[in-house]
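Before any comments, here is the structure.
Think of it as A, B and C in the order they're written, each chain with its own count starting at 1.
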Amino acid sequence: MSNAVIRKTLISIAVAGAATLAQAEVVIGVAGPHTGAYAAFGEQLWKGAEQAAKDINAAGGIDGEMIKLVKADDACEPKQAVSVANRLVDSDDAIAVIGHFCSSSTQPASNIYAEAGVLMVTPASTNPTITDRGLPNVFRVCGRDDQQGQVAASYIVDTLKAKRVAIIHDKDTYGKGLADAMKLSLNNKGSTEVMYEGLTRGEKDFNALVTKIRSVNADVLYFGGLHSEAGPLVRQLREQGSKAIFMSGDGIVSDEFVTVAGGPQYVDGVMMTFGADPMSYPAGKSVVKEFQANGYEPEGYTLYSYTAMQVTAAALSHTNLDPIKAAEWLHANSVDTVMGKKSFDEKGDLTVSDYVMYEWNDKGKYIQQN
Amino acid sequence: MDIVLQQLVNGLTLGSVYGLIAIGYTMVYGIIGMINFAHGDVYMVSAYLTAISIALLTFFGVQSFPFIIFGALVFTIVITGAYGWVIERVAYRPLRNSSRLSVLISAIGMSLILQNYVQLSQGPNQQGVPTLLSGAFRFYVGDGFVQITYMKVMILLIAFTGMAVLTYIIQKTKLGRMCRATQQDRKMASILGIDTDKVISSVFVIGSAMAALAGVLVTLDYGAFDFYIGFIMGIKAFTAAVLGGIGSLPGAMLGGIILGLSESLFAGLVSSDYKDVFSFSLLVLILIIRPSGLLGKPAVEKV
Amino acid sequence: MSQTAGMNYKQCFTDAVVAALMALVVFGPIMGVVLDGYKFDIDFQRVAVIVALVFVGRLIMSYYFQTEKGKAMIFKYASNHDGVTVNPPHFKSKMIWVIPLVMIIGFLIPFVASKYILTVLILGLIYVLLGLGLNIVVGLAGLLDLGFVGFYAIGAYALALGYENLGLGFWSMLPIAAIAAAFAGAILGFPVLRMHGDYLAIVTLGFGEIIRLVLTNWVSLTHGPNGISAPLPTFFGLEFKRRSASGETFHEFFNLPYDSGYKYMFVYLVLFIVVWAVLFIKHRLVKMPIGRAWEALREDEIACRSLGLNHVLVKLSAFMLGASTAGLAGVFFATYQGFVSPSSFTFFESALILAIVVLGGMGSTLGVVIAAFCLTVLPEMLREVAEFRVLIFGILMVVMMIWKPRGLVRVTRNGFAAREGAVK
């Protein structure tokens, strides 16, 4: 299905919905770390949502009403997340929110949206607890850490046939959640890790840890965390002469991973789990081209954010802009997006996990493994 | 055995970097008795300057490693020194006669300014420099081996040379004598005709230059940085300065190395989860036994 | 310099040129060369603008400082006027009517304000509590504490953990958390009392970090970085939820339509009362022997000891009182957020609380209240300029310190006079 077809369906939906309300705008919040240490991810969320809103508005908006985006900065601090969530609900009258990024921010904020009956679709928070609490209005268009861990564990045991696995995490909600999920799947497969430890986010010297990894003779090093730590870690691993296979999750999906690792020669052979390549969907391809035409490389969570906006718009347009009904609608129906057809289970998770294994090459690009 | 040796090497290089940055804290503290919270962020700025100088040099066709590292060192040290001077002039000098806590708050404000100014100018992304020098010495010990990259050897050499030069400046030159005089008694020094404002400025410049030295070395070695690295490095270096006895130059280096070694050994042999807990506990323990640090002079109580 | 007030334009110009050159050196590389991977982009325009700004700014400043007004200003800053203002004995401020007014307004606010404003105000009041607590330690007892956030964390986690493991609610945990934090203060305070000034600062900083690291790493108890949810307060056993598993909820009992704003109203009102109670207790404490002892010990420890004051006990009491106030604040923070995680208790929080105390004027209660509201409401107001928020915040911190190095509100106290009827 091409982008044009999606647009056509959206227009027909809009016409069929026959806007009855007199409002001219639909306010949707884009919440994430727009400042602070994770601001790069906040930018991805914003760019994706912005482009999606632009495309939807160009096609006539939701029920003929234009989407107005509000940037809400939580800096990945739970304290600020509560504050901006209340602000979005209260002062900005947002009826839906795309966000947040960090799971630790999404969790307290989602309570506020649930109370206010606001639809929340997170493009990036993969921690299982986000949807496991059974809030009716919470959805995510990314996978769950336990699904990701499963894919990684079966690859290690079945494909690589590795016996000695070391697990490192960054002591953060995302990284530790991912590492724990992977550990659980690994143990279920009858394999035990040789090492399980955390490193401190923000540090760049992991030599002591690397020496320890060397001392346990690990075949595979699984890292739960982001590229800011993964880069120096893999480089120091190679510099100390270890040949263990480095594997991680979707937190390292960024060209910056190559930059911080000191060049493509260090990321060569790094494995990672990530959603199926959006370029493999025709609709995704044209949107990626659109981004590139505007001089922006849609990496990481940009397209997830785009997808989240499409899902939100589709649900709202089917339910006359009633976010509570929209949430019910989403639990029952599926939506065509740039990343394929998305449908949600009763918790708000995607019904189909699309994680696959990628491998980085010596050019600093990642390629899907089969 | 090889693992313990490798951890010692790791700790020594990490510690010498802590030591270099700790010098900035210890000198400023010694001379005006303030904790310069922005110092860690000065180090962060120097990491950016290193990457910028390397990018510029490679753009202009400089390829050979010695030229690049020399160019990066000169460029970064000079401009970071200028940062130290400007920060002192703008944020601290107007507060010379105020309580020390006001200066502390001003320094915390300065630290926020530097972080956000760099983030706004350079973007929030992770940054890096290409690997310029790779390869390592490898020593076989028993079954295993100990590996030291050339870069780490260079860090140790340059760090200790920097320390030696600084010690010479402080002990033998006129500027050093003026620094020591101002440190002992600022009022008396100014009565004797020393321009104490100028001396304080130069201390800030020297401290920043040492942080820049560390910045260049660390950036070349780890190859990765962002606008937030100053915070953790600053706290660690400050801990090192206090551990060694704040105000004492050899103390800063000693504190740095003890901290680096204890971190590496604890992380390597026990658990990296609790390595920071261990370093801070060690600090508390040492301060309880020796309340003014390892090499610090005990504070004389006036009666 | 000659006595005539002639303008030295050449001086102005040289100053400005030097400043502009310095700006070029400092801002040039970072603002002009933007890293992009291993390559870079050039942005001359930004550098030109900032250098021009510095040049003009310095020119105006040099000019101003040569006028009479400017000279007076320099003189004011160069002089070192310290200490407290002493009012005549039995002095009663004419502004005393403000207190009941503020009380009434404070009680009425939740019924008119929007939920967002209410949450900002709650945060402001939490920081007032924190500021008051640290003010006892730093402002009155003169012990520089950089790890104050540790006690705040203990209070917040006490509520969450007490609820999860012991089934205790908000009301029972409020006093228990305060006691737990005070106890932690005693444990920390005891060994570090030998240390002076900045050694104390770094040890307390270390202590704050240790608490945060333990909360992060002790996963089996605290759930580590995932955080842990905290309960809401109850109104005589009535819960503030849409539906309750155990009996009636607040809105059902009073036949009101459900509104999530009620719980913020209630938290606000309780917090408002607690803040007034703490204010009152602190106000009395300062006038009691223990308060005098804190200040005396801050000024001259040796003199106090020679007069027979038990310095350990005095310092310890300051530490524990400060810590228990922070513990209270932590409970409110946890219940307000409904969730606690270690990322809320970083060193930056400690620095912010310290900034409140110093900015308010060391030892001044009114100053702490004003500064706490400034520092929490200001970042929210600056939300409009999202990216520049923290930068402006930092600049304001520096500028405020230069403008008012001793804080917004000076400490005043009444002079002493012999009591009536006493022998003169």
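One rule holds for everything that comes next: contacts are C-beta pairs under 8 Å (C-beta built on N, C-alpha and C of every residue); 3 or more make two chains touch, one makes a residue touch a chain.
By chain, UniProt protein names: B = Amino acid/amide ABC transporter membrane protein 1 (HAAT family); C = Amino acid/amide ABC transporter membrane protein 2 (HAAT family).
Since the structure is predicted, the reported quantities are computational estimates derived from the model, not experimental observations.
Among line, ring, star, complete and other, which best matches the way these chains touch?
complete
Which one of the chains is farthest from subunit B, going by Cα centres?
Result for max centroid distance from subunit B is chain A.
Name the chain pair with more contacting C-beta pairs, choosing from B-C and A-B.
Top pair by contacting C-beta pairs is B-C.
With chain centres defined as C-alpha means, what is the inter-centre distance between subunit A and subunit B in Å?
The mean C-alpha positions of subunit A and subunit B differ by 37 Å.
Could you grab the centroid distance between subunit B and subunit C? Build each centroid from C-alpha atoms only and quote it in angstrom.
Centre-to-centre distance between subunit B and subunit C: 29 Å.
Where does subunit B touch two or more other chains at once, residue-wise?
Expected reply: 116, 123, 127-130, 231, 273, 276.
Spell out, as numbers or ranges, the residues of subunit C touching 2 or more other chains.
In subunit C, the residues touching two or more other chains are 37-38, 217, 387, 390.
Using the touch definition from the top, which residues of subunit A touch two or more other chains?
35-36, 171, 198, 259
Subunit C touches which residues of subunit B in the complex?
Of all residues in subunit B, those touching subunit C are 29, 33, 35, 37, 45, 48-49, 51-53, 55-56, 58-59, 75, 79, 82-83, 85-86, 90-91, 94-95, 97-99, 101-106, 108-113, 115-118, 120-123, 127-130, 231, 235, 238-239, 242, 246, 273-274, 276-277, 280-281, 283-284, 287-288, 291-293, 299, 301-303.
Taking the touch rule as given, give the residues of subunit C at its contact with subunit B in the complex, in rising order.
Touch list, subunit C to subunit B: 22, 25-26, 29-31, 33-35, 37-40, 46, 77-80, 82, 138, 144, 191-192, 194-196, 198-199, 201-203, 205-207, 209-210, 213-214, 217, 301-302, 347, 351, 354-355, 358-359, 362, 387-388, 390-391, 393-398, 401-402, 405-406.
Going by the contact rule at the top, pick out the subunit A residues touching subunit C in the complex.
Residues of subunit A touching subunit C: 34-36, 71, 73, 76-79, 82-84, 86-87, 89-91, 103-104, 107-108, 111-112, 115-116, 127, 129, 171-173, 176-177, 198, 255, 259.
Which residues, counting only subunit C, touch subunit A once they are in their complex?
Residue list for subunit C touching subunit A: 37-38, 114-116, 119-120, 123, 216-217, 219, 224-227, 242, 260, 333, 336-341, 343-344, 380, 383, 386-387, 389-390.
For the complex, which residues does subunit B have touching subunit A?
Residues 3, 6-7, 10-11, 13-14, 116, 119, 123-131, 134, 136, 138, 144-145, 147, 149, 218, 222-229, 231-232, 263-265, 267-268, 271-273, 275-276 of subunit B touch subunit A in their complex.
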